[in-house]
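Got some structures for you, see below.
Across the two complexes that follow, subunit A remains constant while its partner is subunit B and subsequently subunit C.
== the complex of A and B ==
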């Protein structure tokens, strides 16, 4: 079995309408993959930056995968949430990002989007807060069903990841 | 007669260079390393404290530490790769020692010289009144154990304000990672003078992570 280590951080998010953000993250992978060590999901701290446009989460990621095949290479599902002054949480956006395939250091910007509702729903979001959410968040990375959605762009999530691979040469895989 | 190694070594040296902060003029940092259970420190300090450093009178000056770091780790598994955890403290207007920020980064994996810019963040009080009390009494919210910022668990409960950065330079050398089958660079890797990044910057002397 070949192994992949993902070591790095979800550094922060920028380009969102307001700060005071946090990120829920989850790793999704195909059936050939298994997580040997590390947490598969988590939630970052809520950061309200004092003078920077970027919310800093610095959330550590340390995952150890074992795999029998290349299909279903793991990816991150990200959800950026906003916490307002009263402590209410509302979803800002969804995004997904494949874990880089080559060993080494990578800086990634994961773009995100949110579902766009009808005119009434958008007005509600504007005045009352809250937002339209997907019934099934796994839709974010399913290429077959996204055509049904209408979405609005949101900001970016920044990640810094180091990838270490092991024993792929035995299977003839070249990086 | 070649015996296959059973563990690999990661040798780090470098320095905590400076801190960029706007609101205050002096700072000292405590640093420590958080490592997994398959890791151990063979040599070097695993925690320490820098000097108390002040800004100079020039506008836009940074707080310079130039504090040496040197440590060697031995491990059998890259899981639990070491993280440098920093916690900064300084005096407030009343002369109390208060926390100025926490930050963490993984030690870079690729051999070479790396410059990392670590954001600092402090826990926020639960309410405005608590914030005022903390300011008056000099007892601001702080983490009981600074190492918690290097872990995934429990972070969703923390609300922080980020402010300022610390720049750290790492020089990294590894031994026996190849012999154990770990590949940390692709065959077509760019030379260590540039970084693999989606933003193309001009190549600099060290790898810059900002």
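== the complex of A and C ==
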């Protein structure tokens, strides 16, 4: 079995309408993969920058996988939430990103979107916030069913990841 | 390491994981007199060493004997000239004369627990007729410790004031064990106590201190002590400061000096006397058996952890069949930029050239969601997709192909289309991307174009009611399928095909190759490297030449045998 280490951080998010944000993240992978060490999911703190356009989380990611095959390489599922001045939480957007395959240092921007409603619903979102949510959040990575959605693009989540692989050359894998 | 002549009164740092209660230090204190007839301990020590060195010489031996009597004499003298030796354990309280008198006076209502305990100890000492000596200690919690401000002043300026940092760091006395798990709630402490403020904000480990002191005030001998009560300010000097941290660090200031020069301390009295002292490490060492057992235990624990992890990981891995290359592509359509209309989606499909195989259950094409532009970019119209796709393909060269012929890599075609709120459907662009022939991570931006048609009516129709010219065969975007199958010598000509440049797509690809021959090469490289290092090549070539010579000799011998056989075999008689 080969092993993969993913060490890095979710740096922050930018390009969203409001900046008081937090991020829920989850790592999804195929059945051939197993997490040996590290948290597979988590939630960052709420960052409320006063004048900067980017919310900074610097949330650490430290994962150790063991795998039997290349299928189902791990991916990130992200949800960016907004907390307003009254303490209400609303879901801003969903995001998805493959964990890079080649070992080394990667700076990635994971883009996010949210489901778009009818005109009335969009007006409502403008005034009181809160858009419709996906019935199943895992739809984000199921490429066969996404065509049913209409979406609005939101902001980006910035990731910095170091990938370390082990024992893949023994099985003839080249990155 | 250090010069034995030098007297470095600096701190030494020791590290140990053994429990600190086993620590013992031996202190030898002696007053230095100027009387040369009574040899000092130091001089005796030097003579002792010399006599050991020169022990073979018979003449010197006699002198050594003489010096032994001198030693005894000197020791007797030293008893009088105030030689003192004690072995002190960690946080062991020895009383000074002053403390003996103060604490021994009695217990009152307002005495603290410490005072009561000291009083009891002193009573026990009185019972055993023990008197306090010159060497005493201050341990954790002794009130006089702070009164003498032993900890804070490092310079000799009379106005030395410890800073906030010094006060805080020195006063950290953490009692409980470290909280290893974070609390889930109540992360914010609204009203921290001053000690909590100190503990959480200063980066030191909890520590304990102990001082070994010498009481160098004048002694009043005998019975006169009872009669005359002259109040004397206690003349105390620090001999040694021992600080122990909870992570096993031990800081000793000054360091042990057995075998080196003695440390000298002068009293500030009228008759300025000089004392010198030695510090020795007096803990009982661990014996070899226990040490070996401990090391074995540690090694076993580490080994067990390693094997456990290796067991979980295991040894299996999916491998493709031999002589077949497996290609995995993990990619995503990230975003689209600067298309003419909003609410656009992307149709993608994978095109497989010859000799590429895939499982029938694999999905080769798909549609993204219909996305509307983000408001975060000011100058560009950007739509975000973050749409994943994953392909697993096998390449097997055809039987008639040349050796090491490079494979034709598959292509992914993209068609961008828009559908607005009035259901007008328009084509926004076509593009394609080659799957790269080297594995790795790729972040590509591909530009798109759309067909325009010859007359203006196409554009008008596209604008007003939607519907535009679409490609019948999406492979026209790269090299058309029809063209390929013709195999004629005419060049590909797209003359007359009008297009309009539209936006661009950002696509990320992760390309991974896997094959058994790569594994074999990897293994080969490693052994070849090792062989070269040991010069096995020369060895092998020698063997080869020997084998060659042997083969030659064998061949010649066989030839000779053949020829002799031919000579000896009777030929058919000429006459029948």
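Criterion: the second predicted complex is superposed on the first by the 175 of 175 C-alpha atoms of A that agree within 3 Å, B and C clash if a C-alpha of one lies under 4 Å from a C-alpha of the other, contacts with A are read in each partner's own complex, and residues count from 1 in each chain.
Here is the rule we go by: a contact is a pair of C-beta atoms (placed from the backbone, for glycine too) under 8 Å apart; a residue touches a chain by one contact, two chains touch by 3 or more.
This structure is a prediction, so every number in the text was calculated from the model and none was measured.
S.K.: Under the superposition described at the top, does placing subunit B and subunit C together on subunit A give a clash or a fit?
M.R.: fit
S.K.: A:149 contacts which: subunit B (first), subunit C (second), both, neither?
M.R.: second
S.K.: From the overlay on chain A, compute the angle at subunit A's CA centre subtended by subunit B and subunit C, rounding to the nearest 10 degrees.
M.R.: Between subunit B and subunit C, as viewed from subunit A: 30 degrees.
S.K.: Using the touch definition from the top, say if A:141 reaches subunit B (first), subunit C (second), both or neither.
M.R.: second
S.K.: Identify the partner contact of A:111: answer first if only subunit B is touched, second if only subunit C is, both if each is, neither if none is.
M.R.: second
S.K.: Who does A:42 touch here: subunit B (first), subunit C (second), both, or neither?
M.R.: first
S.K.: Applying the touch criterion given at the start, work out whether A:56 contacts subunit B, subunit C, both or neither, answering first, second, both or neither.
M.R.: Only subunit B is touched by A:56; subunit C is not.
S.K.: Going by the contact rule set out at the top, does A:174 touch subunit B (first), subunit C (second), both, or neither?
M.R.: both
S.K.: Please work out whether A:102 is in contact with subunit B alone, subunit C alone, both, or neither, and reply first, second, both or neither.
M.R.: Both partners, subunit B and subunit C.
S.K.: Determine the nearest approach in Å between the Cα atoms of subunit B and those of subunit C after overlaying the two structures.
M.R.: 5
S.K.: Which positions of subunit A sit in both the subunit B and the subunit C interface?
M.R.: Touching subunit B and subunit C on subunit A: residues 36, 102, 106, 174-175.
S.K.: Under the touch definition given earlier, write down the residues of subunit B that touch subunit A in their complex.
M.R.: Against subunit A, the touching part of subunit B is residues 22-23, 36, 77-81, 83, 103-106, 108-110, 118-119, 121, 124, 149-153, 155-156, 158-163, 180-187, 189, 195-199, 207, 209.
S.K.: Considering only the defined contacts, which subunit A positions touch subunit B in the complex?
M.R.: 5, 7-9, 11-12, 22, 36-39, 42-52, 55-56, 58-62, 64, 83, 102-109, 160, 162, 164-168, 174-175
S.K.: Contact residues on subunit C for subunit A in the complex?
M.R.: Listed in rising order, the residues are 309, 312-320, 326, 328, 330-332, 334-335, 343, 345, 363, 366-377, 382-390, 392, 439-441, 508, 510-520, 522-523.
S.K.: Under the touch definition given earlier, write down the residues of subunit A that touch subunit C in their complex.
M.R.: Residues 1-3, 14-17, 32, 34, 36, 66-71, 73, 75, 95-98, 100-102, 106, 110-113, 116, 140-141, 143-144, 146-156, 169-175 of subunit A touch subunit C in their complex.
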